[in-house]
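Following this line, the structures themselves.
Here chain A shows up in two complexes: once beside chain B, once beside chain C.
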Partner chain A sequence: MKVLIVEDDADMRRLLKIVMAGLDVDMEEAPDGESAIHSIETSQEPDLVLLDLHLPHISGEEVFDAIRKHSKSAIVIVTADILAAPEFVSKADGVFTKPFKTNELIVKLTSLLSTHRNEAKEE
Partner chain B sequence: MKKIRSLKIPNTFDSEDLRMRKILNIILLALMLISLVALASVFMYGDSVLEVLSSDDSQPIFWGSLVMVIICAILIILNRSTRIPKDIVGWLLVILMTAVVTFSDHPAELTNGRSLIFWFLPILLSVVVLPPASVFIVDVIVFVIITVFSESPDSVNIFAMFVIAAASLLAWLGMSIANKALQDARNEAEKNRAILNGVADGVVVLNASEQVVLANPAALNMLGSAIARFASTADEDRKEVGGRVLSFSWSDVKGVGNVAIVRDISRQVEVERAKDAILGVVSHEMRTPLASILGFSEVLARTSSSPEIAERIHVNAQRMIALVDDLLDHAQIQAGTLKMSRERFSPFTLAKMVNDLLTARATEKGVSLNIAVSDALPQNLMGDPQRLQQILINLTWNAIKFTDRGGQVNVLLLPKGDNASTWQMLVSDTGIGIPPERLPDIFESFRRASDYATRTHQGAGLGLSIAKKIALLMGGDIQVTSTVGQGSVFTVTLPLEIAK
Partner chain C sequence: MFMTQHTPYSVARFDGAIMFNSIRAGLMKTGITKSPIVFFKVRAGAQLHPVWALDNLAMEIYAYCETAKAADVSETHLQVAVTASWVSGENFSNLFATFVEWHIASSELRKRARLISAELINRKGHDWPADELNIPVATVR
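Let's turn to the complex of A and B:
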């Protein structure tokens, strides 16, 4: 299983990696929208993307649309923008506003990854 | 566009000069008309010009009328030229009138007979067409003529002269008063016009058929060509015109029309937007590092050998997040941009959430927290559960904080009476209570830390203020009653809408 962390804040990427350490997944990091899209298009498709909305150059919204277009990855929004978050509730597979509870994030990610794993097996 | 440029504040008063010239014109035209009639009447007795000229009766009337017509015509032309002072034309007219009277009858009749009354003509005329005091000069002229034409010094009619003088005095007095009143009115109008021209706010007046009848320069400047379509904005209070945000305040002024005060609030709107944007950025920028602190402290609490230190970091970072949230809410409420959702929710779930979130903190403080929902309250209501939860948490947490160990905080959700159109959330405590003089302002934002209500969110003093404002936005309200030493009751009253 592979998780892509799209987050411009290095500390936040580090925190997410530490929190997900017990999940037994490969983690890839993208500090901005370009590298996230590049990663989706060129390397192995991630099972899950953790996506920040405020990113330099290319916004999280655009990255969201690009991922949806190119892959079947589950997308979980992790954003500090509490005003923009509500509109992703129906579109994304999960929405967390910063600060999030680390254990709640883990519960959500575990459930999404297991669903994804089962779907992959069925295919 | 031409029509728009011509729209200016109408000057309802002619200048003094123009007014006088108009009066002179009317009098001259009337005189000319009378002379023309006299001229025409001469020919009713004779067949030809020659016959008229040979008749002793008709000849003076013919020549007199003809001269009058010509002089009047000349004076009318002179009166049109602004280069010739109006008083010159006025004096010429008075002199003409005096001459006409002088030669209108036999000297004996004019000085002491039936035609004495004709001397009032030049005198009254002078009051009207010349500065009122000129009447006394004309008096002197008339007296001189009467004296010169009298047969002997003994036959001069002193009594008639006295009456003429008295009439002149009265005429002068009346005209002076009228002129003063006119001048006052003119000054007042001029003042109002100067104010309308000078104010930065636009003033536009619409008549009953919604046509623009008046617009001051500020209004023309702000609205530009849009003023032609101004009536279409008659029910709006804000509009963007040519990149500017204008606010309108309308009032129906009796006898004037629908008056709009137009104000350019572009700058204000810009500042408001910038403030919102800054706040959004600040909130976001603070949230990101705080999220890291909270996340790392959570990890640390699980893995570190001194989890209580990690716990303190966590609690304090949470306080900061709460503060950032409150500030953002406060700013959104102030800016009127706080969005309220409308969804189905269960009052029971709402109560349970608050219970789950605050029980631990109440227990920690040694306060017993009881939350109950009345059976009479419908199972599902419509509203914004997140914001309702925020109100209830703010009030309940406030109550817990101001209740000493061993005390009680009771929360009750219930409909207000039977057939209720409103429902209530009651938060009562056995706390320290609020002194009566504090009651009126406990819902104010940013109360000082020493005040009662401030410690709600660890110091910002926004908790109660936000709760109250949200309740008001929901069409409800929050009331408080309190007895010092016995406790307080906060009552949130909200419109009740049952979910279908």
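Let's turn to the complex of A and C:
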């Protein structure tokens, strides 16, 4: 299983990598929207994308739309932008505002990845 | 060369019977959203394992339990093989089911449960309990 972490803050990327590492997945990092979209378009489709909304050059909203257009990946928003976050409640597979509780994130990511894994088994 | 070592989270696999009368269903806060969650117990010999499940799997387990209740089958009718992940904090440890293999004998019950499960997942015709349920570890700050 593959997870794409789209986050411009290196410390937050490191924290998310530590959380994800325990879930036994391959990880790819994208520090901005452009590299995230490039990755989605050119490499193996991720099962899950962790997406920050405030990114340099291309906004997280645009990256969100591009991911939805090109893949069936689950998308979890992890953002400090509390005002923008509610807009994604009905669109994303999960929305976490910083600071978040690590265990809540682990539980949600475990659930989403197992759903993807079980669906892949059935296909 | 610098190498970072990661330890995968622990996984548990066990067989047993879901004590369908023990199931509790509700919503757990996950970030700013809420996710369907169930808490149930699996009888394995002399032991009783408390287990949680989230999202679609929660709805599937709930559907099987509600169907078993309505069918008035024996307490140990819902035989399962469970794969689960541990989610722990300093003072609590929780098993989160990630996959349930159903070993029940009644094909009629299975058929009915699958139908209810699909309806719950597609938000058709069945209401999900709105009670707030949280794993103990999530409340520790």
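Simple rule for what comes next: the second predicted complex is superposed on the first by the 123 of 123 C-alpha atoms of A that agree within 3 Å, B and C clash if a C-alpha of one lies under 4 Å from a C-alpha of the other, contacts with A are read in each partner's own complex, and residues count from 1 in each chain.
Simple rule for what comes next: a contact is a pair of C-beta atoms (placed from the backbone, for glycine too) under 8 Å apart; a residue touches a chain by one contact, two chains touch by 3 or more.
Bear in mind that the values here come from a model prediction, so they are computed numbers and not experimental data.
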Check: With both structures lined up on chain A, is it a clash or a fit for chain B and chain C?
Finding: fit
Checklist line | Between chain B and chain C, more extensive residue contact with chain A | finding: C
Note to self: Which partner chains sit in contact with A:69 here, chain B, chain C, both or neither? Use first/second/both/neither.
What the structure shows: neither
Check: Is A:81 in contact with chain B, with chain C, with both, or with neither (first, second, both, neither)?
Finding: first
Next item on the list: Rounded to a multiple of 10, tell me what angle the C-alpha centres of chain B and chain C make at the one for chain A, in degrees.
Entry: 110
Note to self: I'd like to know which partner A:101 touches here: chain B for first, chain C for second, both or neither.
What the structure shows: both
Check: With the two structures laid over each other on chain A, which partner does A:57 touch: chain B (first), chain C (second), both, or neither?
Finding: neither
Check: Looking at the overlay, what does A:89 touch: chain B (first), chain C (second), both, or neither?
Finding: second
Margin query: Contacts for A:9 in the overlay, against chain B (first) and chain C (second): which applies, first, second, both or neither?
Written below: first
Note to self: Can you report the least C-alpha distance between chain B and chain C in the superposed arrangement, rounded to whole Å?
What the structure shows: 6
Next item on the list: Could you give the residue numbers on chain A that contact chain B in one complex and chain C in the other?
Entry: 18, 97, 100-101, 103
Checklist line | Residue numbers on chain A that touch chain B, as the complex places them | finding: 9, 11-12, 15, 18-19, 54, 80-83, 97-103
Item checked: List of chain B residues in touch with chain A within their complex -> 280, 283-285, 287-292, 294-296, 298-299, 317-318, 321, 325, 328
Next item on the list: Using the touch rule from the top, collect the residues of chain A that touch chain C in their complex.
Entry: 18, 21-24, 76, 85-86, 89, 94-97, 100-101, 103-108, 110-112, 114-115, 117-118
Checklist line | Residue ranges of chain C in contact with chain A within the complex | finding: 6-9, 28-33, 35, 54-57, 85, 87, 89, 96, 98-99, 135, 137-138
